[in-house]
Amino acid sequence: MAGNTIGKVFRVTTFGESHGTALGCVIDGMPPGLELSSDDLQYDLNRRRPGTSRYTTQRSELDEVQILSGVFKGTTTGTSIGLVIQNKDQRSQDYSEIKDLFRPGHADYTYEKKYGIRDYRGGGRSSARETAMRVAAGSIAKKYLKIQTGIVIRAYLSAMGDIKCPFESWEEVEQNPFFCSNKNKVFQLEELIKKLKKTGDSIGAEITIIAQNVPVGFGEPVFDRLDADLAHALMSINAAKGVEIGDGFSVVNQKGSENRDEMTPNGFKSNHCGGILGGISNGENIFLKVAFKPTSSIRQSGNTINKNNEKVKIVIKGRHDPCVGIRAVPIAEAMVAIVLMDHLLRFRAQCAK
Amino acid sequence: MAGNTIGKVFRVTTFGESHGTALGCVIDGMPPGLELSSDDLQYDLNRRRPGTSRYTTQRSELDEVQILSGVFKGTTTGTSIGLVIQNKDQRSQDYSEIKDLFRPGHADYTYEKKYGIRDYRGGGRSSARETAMRVAAGSIAKKYLKIQTGIVIRAYLSAMGDIKCPFESWEEVEQNPFFCSNKNKVFQLEELIKKLKKTGDSIGAEITIIAQNVPVGFGEPVFDRLDADLAHALMSINAAKGVEIGDGFSVVNQKGSENRDEMTPNGFKSNHCGGILGGISNGENIFLKVAFKPTSSIRQSGNTINKNNEKVKIVIKGRHDPCVGIRAVPIAEAMVAIVLMDHLLRFRAQCAK
Amino acid sequence: MAGNTIGKVFRVTTFGESHGTALGCVIDGMPPGLELSSDDLQYDLNRRRPGTSRYTTQRSELDEVQILSGVFKGTTTGTSIGLVIQNKDQRSQDYSEIKDLFRPGHADYTYEKKYGIRDYRGGGRSSARETAMRVAAGSIAKKYLKIQTGIVIRAYLSAMGDIKCPFESWEEVEQNPFFCSNKNKVFQLEELIKKLKKTGDSIGAEITIIAQNVPVGFGEPVFDRLDADLAHALMSINAAKGVEIGDGFSVVNQKGSENRDEMTPNGFKSNHCGGILGGISNGENIFLKVAFKPTSSIRQSGNTINKNNEKVKIVIKGRHDPCVGIRAVPIAEAMVAIVLMDHLLRFRAQCAK
Amino acid sequence: MAGNTIGKVFRVTTFGESHGTALGCVIDGMPPGLELSSDDLQYDLNRRRPGTSRYTTQRSELDEVQILSGVFKGTTTGTSIGLVIQNKDQRSQDYSEIKDLFRPGHADYTYEKKYGIRDYRGGGRSSARETAMRVAAGSIAKKYLKIQTGIVIRAYLSAMGDIKCPFESWEEVEQNPFFCSNKNKVFQLEELIKKLKKTGDSIGAEITIIAQNVPVGFGEPVFDRLDADLAHALMSINAAKGVEIGDGFSVVNQKGSENRDEMTPNGFKSNHCGGILGGISNGENIFLKVAFKPTSSIRQSGNTINKNNEKVKIVIKGRHDPCVGIRAVPIAEAMVAIVLMDHLLRFRAQCAK
């Protein structure tokens, strides 16, 4: 049983390879009555798309999304929404170099062993290009959540390498190519990227996501807790290696007297739990962190094997982000939006009066 | 749409409240032909069950599991397996104290707001008692995985508070009440727990889980990646606040040249990825870490509110673990087993020749 | 992927073999706030249970259902509901006669071939005994539907053999052991059953189910249409061989001018469609028919084979209904209730304002 | 929770309105390694598509399907398959006539009431045009089933109005525009259609589907029995009103001694059950019948209401089949193929050695 669907009630099913004809998805479970046009999706797609700054990959895709169904006279109808983005920049390049070997850190080896065949062009289905559809679907969820419940979901780069970027302002996030909320850190980030480009290396990153105005009651224990579903969604993003809710791993060294969020008639006194108690949103802001590993496609020569299990050297050229974590910002937002949308509808099914 | 089922092909659906009549589950999707008796389940249930040492809660439940169906003449038949554990130690205690207030750090508030009603006895469905059924189901998965593919899943306490417990030996894990693999740390752990008991406080913990001999090919991109499903399962355990795969959050400060696991004809040269590439197992050991918050039920007085939103003081008496993370060891193993079992069957459906 | 769950939002997962320890189920997705006790379930269980009249099997099971979870102080809490019925009348009879051969018309052969093992005692999982849990779950759905939307679901025996039993009155249905709505037919039915008992034979039956007060809007095109889900649920009952909605197979010889249900400001002028248009309930009564094959367990000698593919003669003794269709009445009602309940909740998730 | 997905392991999710931009689907769960090109899909699409004969609607759509993903170098890769058909013949006609009223027998009324909005152009999502994607997906399933297990799925028109068309030969089915297997009946069918066209009326039909070479073991009791899933799939086709397996409703008047299919060392002596016992395929041919109601869009004037609940007369012009049942032949085949494909993969997950 394959796994190209996320969500149980708001369900997003995606398809498409990096260098195939097109990417697309079907969104099933979208309620009727939302005003929607492709412009609503394009904003986030542009934030995600490669080639928008010199710090991300230079592949130039316009990523123009087309709504094929489910919207009539500018309004969702409750039927399934088909989305498609044509792949335009499929450089007719020669892939003979990589088609028979396994790039370290990539899914080449595992796809080949699992399926017995793989579309090696640009990583095929395992390429981060697939995330364009997550962002498109997430934009629809974001819009609906905003209108229906006031939920606002935003993310920023909170660390890259050893540069910590503590939160400063949401306005700043859109002012620099790093989604960094902290103006004072931008120069350091630029310098780091420049150095990496020179040495042909890459670096990891940490993204922080905050969802505001989430009502009390989202999350379905005991397995589909909101935190569990968020962890699933975020860990399903390419290169993600860790997820934290609230204080995350810091809780290991916390005492109960410090960690438990006391309550007063005016609300919670603290938010160590990150807005989720017993797997259910408690009305506070939801805080999430995700760690992204450094890009595996680097110019530095590396050791690997080919299909015949022979030793080969590999140098990966081409247009690659020195830090995949940067573009993960709109993707992480989208995943959180999809999960919250799913849980809004699940709440309605289970608990609506 | 409620969320008491985990798994898509190997599906475990649980029920039961802390102080209700019984806990139970249905396992649907178990292949026929496995020799199985309740003894196979009891070993891990005993490891999880409270009252086994003076460092965990003193509630004494025998947790005797009964197999109600799906096994005939000691062998699974391919039909659904019903399991049940009677709740015996339902002390007829007076819950009037907590029935109208919300214990800080607990799910009292969120259950009340979500459902409009909650079984307040011992936390009802939100109690960790629910995990007994996870452990029972996990034991079946473990046994099948072991026999069919040689997979071995084990976990240990890798940190409690500021005491790091680096791995020493699997034998030691079962020799002390902390599931600590490191003999030299046991005394420190004992001292910490004693101190906490004295002060009526609690502490967080970190568990490490290792799955060995997992074949290449488990995991279903792009959403049901093996790492995403593992993160979901582990984050669904009570008190879990963070999950890491492989190097986890350390990757933020790693370079690509360091992080990408190079390959040679003899296999991978390193395992920063934790055994999963592109969401699919790569044949190496799978490394996972989970952070558990400190027990919220502590003897120290705390502030909270009651149903009328009035300020009240709370002191939680009763039998509570100073560190819920300890007992999470068999639970985490069980969750990993359930996920791997699900993916073994999903692999067969999708890729079996 | 096994199939012991029905419903997507209101999900019922059952387990249990005919002569195993117990039957049970988990109901996940029940909204909180419904007053519920085991008495609510017992009424329909009694209607279904064997041994209630001399026209159905004489196996005597009390079928006392126990609610293990999900209900607190007489009210559903929104958590999963565990139900169990102990098997008491597991006669320690000798099954050596049938354990190695395949009873014609039964699932012995297909279970053996599919799973490689089967619980042959009383048919194991393939026994109609499994339907007790459907009836129990259906009773909960019935009660909720009645209170929330006024839906009433009832069924009756509309034919047995060549005896047609056109509808007369709902009161009569509960007055005779055949669930026949037509007093004048009861004698004929009795005579037919007597004759069959004498000859050791059995007979087929047709059940009609009517759901009243179903609101407009239940059903999820294009696949989970209400009619499609009803057909699935009804065809999943043991011995069902045909399902009709509205005019059913009669439409083959109808003209469009006759079949299309015209509308007036006062509503539909006819109901050929059986209350469902385009897969969605239209507010009219829903009409369904199901055909049940004659009991395969008959006293007349028959030809079959054993596990070694050798020719054997078989005579089935024991307590068997001459007409399984009779007891299918409460079962069919339950299946319709489960489907409508699922679609009520699905409607809320998708279209609730 | 919407319902545009069919299948659990082989999952087909469709989208698209009659007069929208395009129709499409995603097929998730297709095993890797099948040679596949759009030509494989086009054959059945052509059999289904309107305008192929003067007996079906004259809307002329080429229905050219494009494979957007999941196939690399002519072979499936195990990743999700995106399919799309552009709508070309979206006549820019004036829909003002029907946009505010509810055509009798159509889903106009139920869609409007359920969703509060509907795409009225050509029926929108409720149009039979949606079935093109079923046929496309079914073709892939058919090809895989044929190659892997030898399964052959074929259907024919077995009745139209009072003209019974007993089976004669599969060759004949493709020789006439009615999918009639019986050469001698073609003239009568032609005459009936001519008469209907003259009077502006329509007629119902019955389709018979036969699946040959289905291995023993497909079907997942107790709910996802093969017959239950087939009933679901067939009843989900527009205009379907009844489904039969094997002898169907004839079993009501059969005796057990006649109906139970006796076995001999050479196999079953009869096939009253239609190839399914206890919900599991028994290795015999699977026999299914479906009843389709007459086209509701007829030229004869009818009574209906508009959105303001005012009485109006309606005459439906345009290109409509006098008998929708005819084109249901390839659609029914496709639905059976999708279900069998799903169960082949489910069998592998659950019972593969």
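A few remarks follow.
First chain written, first letter: the chains are A, B, C and D, and each begins at residue 1.
Everything that follows uses one rule, which is that contacts are C-beta pairs under 8 Å (C-beta built on N, C-alpha and C of every residue); 3 or more make two chains touch, one makes a residue touch a chain.
Because the structure is predicted, anything quoted here is derived from the model rather than measured.
Shared contact partners of chain B and chain C are A, D.
Looking at which of B-D and A-B shares more C-beta pairs in contact, the answer is the pair A-B. In this assembly, the C-alpha centroid of chain A lies 26 Å from the C-alpha centroid of chain B. Centroids built from CA atoms put chain D at 38 Å from chain A.
Between the Cα centres of chain B and chain D there is a gap of 46 Å.
Along chain B, residues 1-5, 8-9, 14, 29, 32, 78-79, 114-116, 125, 221, 345-346, 349-351 each make contact with two or more other chains.
Against chain B, in their complex, chain C makes its touches with residues 1-5, 8-9, 11, 13-17, 20-26, 28-30, 32-33, 66-70, 72, 75, 77-82, 84, 114-119, 124-125, 345, 349. Across the interface of their complex, chain D is touched by residues 1, 9, 29, 31-32, 78-79, 221, 345-346, 348-352 of chain B. Listed in rising order, the residues of chain B touching chain A in the complex are 1-6, 8-9, 14, 102, 104-107, 109-111, 113-116, 125-126, 130, 159-162, 196, 201-206, 216-217, 219-225, 227-236, 238, 240-265, 269, 272-274, 277-283, 289, 291-298, 300, 302-305, 309-311, 325, 345-347, 349-351.
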